[in-house]
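Chain lettering (A, B, C, D, E, F, G and H) follows the sequence in which the chains are written, and residue indices restart at 1 in each chain.
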């Protein structure tokens, strides 16, 4: 028999600290596989943000910086501007990117920074114990929306990909999920195209990945995947919102 | 009189809850109490522990450097805490899970087959209550009645069906603990 | 919730409940460990008490929402922990200059940087010397027990209004996470908006909330005006606790969690015959200079204990002006000193006294 | 000849989340009673003979606890 | 003869400190007229932001707060949440709202705060002496883009109204200018509709007004109006981007 | 630009030019008066020297861009003024903990709040005590002339790299806006990225720039490690100027702009026979404790002068430990004291000496 | 009868920006040589008789330095 | 020797530039110099002033409390600064614009018809150079030659066509100033 799955080389040997069934782990693996496939691990500089994925610097086998909460795109900008020869990516949650850091995100996109953002949208603040995120669904309960998110009090789930669509500096924007092997493949294609945006100097690439937080959603990991497919996707439709290379997008390649 | 109790195990083993029951029982009995949790770096799961101090005077430190009583629910916690227990203290541990290593432990060891006893009572997951029951045998400041009242107050509706098993486990642990 | 029965509460939740009972009308904040129980509690209970809970998009937004709501005459508060408080420095400086009352809670965690989530006292300088720009001060209070946290929180809203100045409650992860028995104060109604607040001018003159004074002499007058308030605070708001300070030859100065841990060690040391006492500043600004000087009158040496690399020790030295040697012992980075190690330090200092 | 597969489980990495169990099209896997040193129940192979090495379990595993092997027809020779 | 123009009552007697020909003054007047017409001066709480218009608190004859740079929407939120009975507006420049404060703007809009934002876009930082703003046009010179704004270095002019369009909480968004009496009339209608959004509790209303900065554009005031009509409008098309009350918008009423 | 001829330059522009000559590779900043000439100058000249100029969307973004670029091994700086520096406090705390070298310039303006744009020295505490959260320090240098601003700026990059710590240059609107003659230093090339910087690991091990240490004892070690560097600084980087301190019975302590104005007054007072001298700390952290103690050896009284309500005076008192009475005179809010009023104050203090 | 108008200029408010001059359809206004106490050249009426009170100047004036009067036909009576 | 010169007027009158010329001339002559501007609260226009100090020793305060020489370009500046000029100092002012009020001014007054003279030279707007020329008559440390060289160095290309008029104005002012 031959081995047909293996840990990507772009990951270290450190076991993930994520909760059981949390799809942060799947996304890490996909990102690492993409780094491997592009041969970028030795060149890349990654940025871990503040959220459950804060320890990403221990997992990715490339140079890493840990950024202040919400500021990963600014940190990435600082790096990319002085080292345009490096591949620079950030890995951010919805609290980090969408709440405290939306300004840095929009400005990095608007400047057309040649960086790649992996945006993990799990509709909740995982690390701090399940508070409302800007992407929390209407009606969804969280520790700071104990009776469920309501429009009048908390406003609308923030549509990050739709927002970035309006910015010419955003070269590639897609929303995917990892709730099945086929979704996983779509996510990997999106990552590859976001990488291309940076490699070709087309501007900012962002992949918004709908991800689970079984613990704070108070669901078992399998239920959590169903929640994404049935509830989250209705609020956050999947798809490519922007592609610098429309052709490629239409081929579905 | 001041007694310090450290309870240590995995995240899912009811470590913090066990401490809460103990502290709440102390309050019911009119003692001064403090309860202080401590988590490991893991997100969920992983080790955690909690410190409960029970006394007659306002309590200085809620952090315990050398516990009078140590409840050990898993193996890593033995390694970490058993050596810190006071020489005249007691280590009560779940011998279905924890194998005391040969190191120089000064405190008295109270092995309890907590998982097995809990399983017999109806649910292996409440081994923590067996250990708490065992503790009450030696911790004189807390009565079994107070502990049971505290448990009734604190148990969440979600686990209400476990209450009777929990109460049984307290008694089982108490019965098994050699004083 | 009943008013009088003692109950076991987490420090964070007790603080939140005390604020609600003090008539807090609005809370704006952003989650951060180890104080998340405050916003979580507020989200659940403040609206039921008729108040406004809003999770802000950031600490920056939160403190500026506080500015707006305080300027509009509401009793208002926020809470955070170290990195989040750093982000509020500009806003705090604005609030102090615009003379708006509000309550800010910092449950300090280890720093600098992202640091860790364990308890620390390393934001003392930021809190008492003014972490933001310009000449201003916060009224800073540091409780050591959950009950004291409740009492101080309860009192802080009125203090903030009395001085039209932000009050900071400086706690730490230990105080926030521990449970202890508390008796809760009675529910108070907030006052109606004061006559300087922007509530729509109606038939009156426009009211302006502002911190811009482009002419030097006008700005200087503003500075002098707020410092005159600080001088009043120094007269009226100094708080401290003395524990066996009479006749103490070894005086320990410590605040907050460290002070309560020190008490355990001091009890042990006194049992061994060391003439040691504890001076615990409760108001960190205004600092109890005179009281400390008096408490140290017979001391051969003063040991300052902190969960930091040494911050309050500067104020201890400034109080004592070289009259008594001042030494320092600290743990930091989230390490909480144990009574045992403090006792060891007491021995060391006592044996090496001049 | 039917393609045969095999899964290796790294017990210290498994957190017992059950995603592989839910997704395995051939019901090869199930959660065991066994607990690892971190306190997690771990996955076990209840019908190992059914495995065809499709890798779905490994794709869904967030903790890279599974390694899949396959007796390939053509590719193996390559 | 009868007097046919008069200073609105919602303005105090303080003379404006703006540079000669700066259209901040016209916008102040229009806003004040709108306050008068809605009878809101005695009820309103306005927020002056950091920029040339920082002294707005001296000009508007209503209660005012001065907000930290970029934070006016947060201050407005704080006020409106505790005093929903008051009419709350902010007056902000493009540096204030679009650069440092874009996060607060987006979140206030996304929450659907019932506040009204007057957004004065003059494509430059006026108060600090003519630095690049997020809205500076491509090729436009400023003290920090001495050779003109370029996509590669500085990114794209930020399309604030287009961004807000994506947010369901934004009830009314329009872009206008004040370069002629007819444009002035259109601006007043937009202000009125933005006021209605708040009064009717529909969510956030924002009017982006293209405005001159003759001094930092190094133009005389009349040339500056031409610059708006010929250059700025090409980058920032005028129009209503969002109207909670589509009917009214179509009537052009 | 030629290297050696003296020329008249504005303080802000001279600082920018000095940074470029020191091999600064990147500038990230956000406009604010009274330091706009720095970004304006950088925008024009830094790209011509092969460096990166980027106007950030905010001070928050700017300091985090600095973090990124410094972590990637570039010589990098930012500049701002008081409110903008307050917004950088979280970032500075991260940078100090992650041990990244960078230069931060604060041309202080009057505060608190929006304050005004006139010169002030009221950000001393923020600069030297740590405005951000956690135990850390900046190396803080305060020039008094445009030439000194040039020299200090030039040196600060290497100091930052030597200690892997941010260096803050604390100026004010006066120094930034005034013109004075300067001789510019020669152009230096930046070094190649150090071996800890994230530049793509190539065949090596991954490098990590980080400030998160979740275990208390690890974080504490980090704190002790950075404080060991500060102890080294205190040995090697103390800077000060003495002006007629030998035999001075009245010692003035003042820094930056205030010190240079004080000199004029001191000259006049000495002409009148008052035995007055000036001690001017140039490094505010590390503070020149020993040197000040020595300079004050014969003093009957020490007068601290600041453009604030009194901040450095605390460090003066901490240095002198009660050996000499320390009095304070300050103007604030943007009012710059005149030589005449300082002279009057010298008279008053001298006549009332104990 | 032609509608007649009149403009009052408040010299201390005028900053001589010239917007009114540029927009007045009847060329009533021009910048004068006179300077006000703030150092700004101020606007003057060079053809006051031409004014029809259309208010365009006042609409374009950023500094509310102009007040327009009109001899109305119908409305005046109201 | 140290001389302080304060120049005050409206924003558009060339106040800061006049100071620059003076300071630059000082530098050319090897003096120590400082130049310090001060603006009013207005955005553009409004009053402004600048301080120039010229000396042989490093200069302490660049801020002038009592100027040796005061150049007054508009009326508000007279009211604000004339009383601060040193008793043995000189106030040089544009008498076409500034009417000295009757207050107790100790310094010597040097009225110059600067606008008229500048107009005669070709452009009323450069009255500032007339006043600077007048200053040079009494400010011994700065030579006319140095001032002219400084002016040539500093004038921006945009105003190059004004250079000759500026130079004439310097001479005119110098000639008119009673020493």
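Just so it is clear, a residue touches a chain if its C-beta (ideal position, glycine included) is under 8 Å from a C-beta of that chain, and two chains touch if they have at least 3 such contacts.
Since the model is a prediction, treat every value here as computed from it, not as a measurement.
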Chain F reached from chain D - shortest hop count over touching chains: 2
Topological distance between chain A and chain C, in contact steps: 1
Distance from chain G to chain C - Cα centre to Cα centre, in angstrom: 61
Distance between chain centroids, defined by C-alpha means - chain A, chain B (Å): 41
Distance between the centres, which are taken as Cα means, of chain H and chain A, whole angstrom: 63
Set of chain D residues in contact with two or more other chains: 15, 40
In chain C, residues with contacts to at least two other chains: 54, 57-58, 60, 83, 90, 94, 98, 114, 210-212, 214-215, 336
Sequence positions of chain E contacting 2 or more other chains: 18-20, 22, 54, 66, 68, 99-100, 102-103, 107, 127, 134, 154
Sites on chain C touched by chain A in the complex: 30-33, 36, 39-40, 43-44, 53-55, 57-60, 83, 114
Chain D to chain B touching residues, read off their complex: 15, 37-40
Residues of chain C touching chain E in the complex: 25-26, 28, 52, 54, 56-58, 60-62, 64-74, 76, 90-91, 94, 98, 198-203, 206-212
For the chain E and chain C complex, residues of the former touching the latter: 12, 41-45, 47, 54-55, 57-58, 60-68, 71, 74-79, 81-83, 85-87, 103-104, 107
For the chain C and chain B complex, residues of the former touching the latter: 6-8, 145, 174, 177-181, 260-265, 267, 336, 338-341
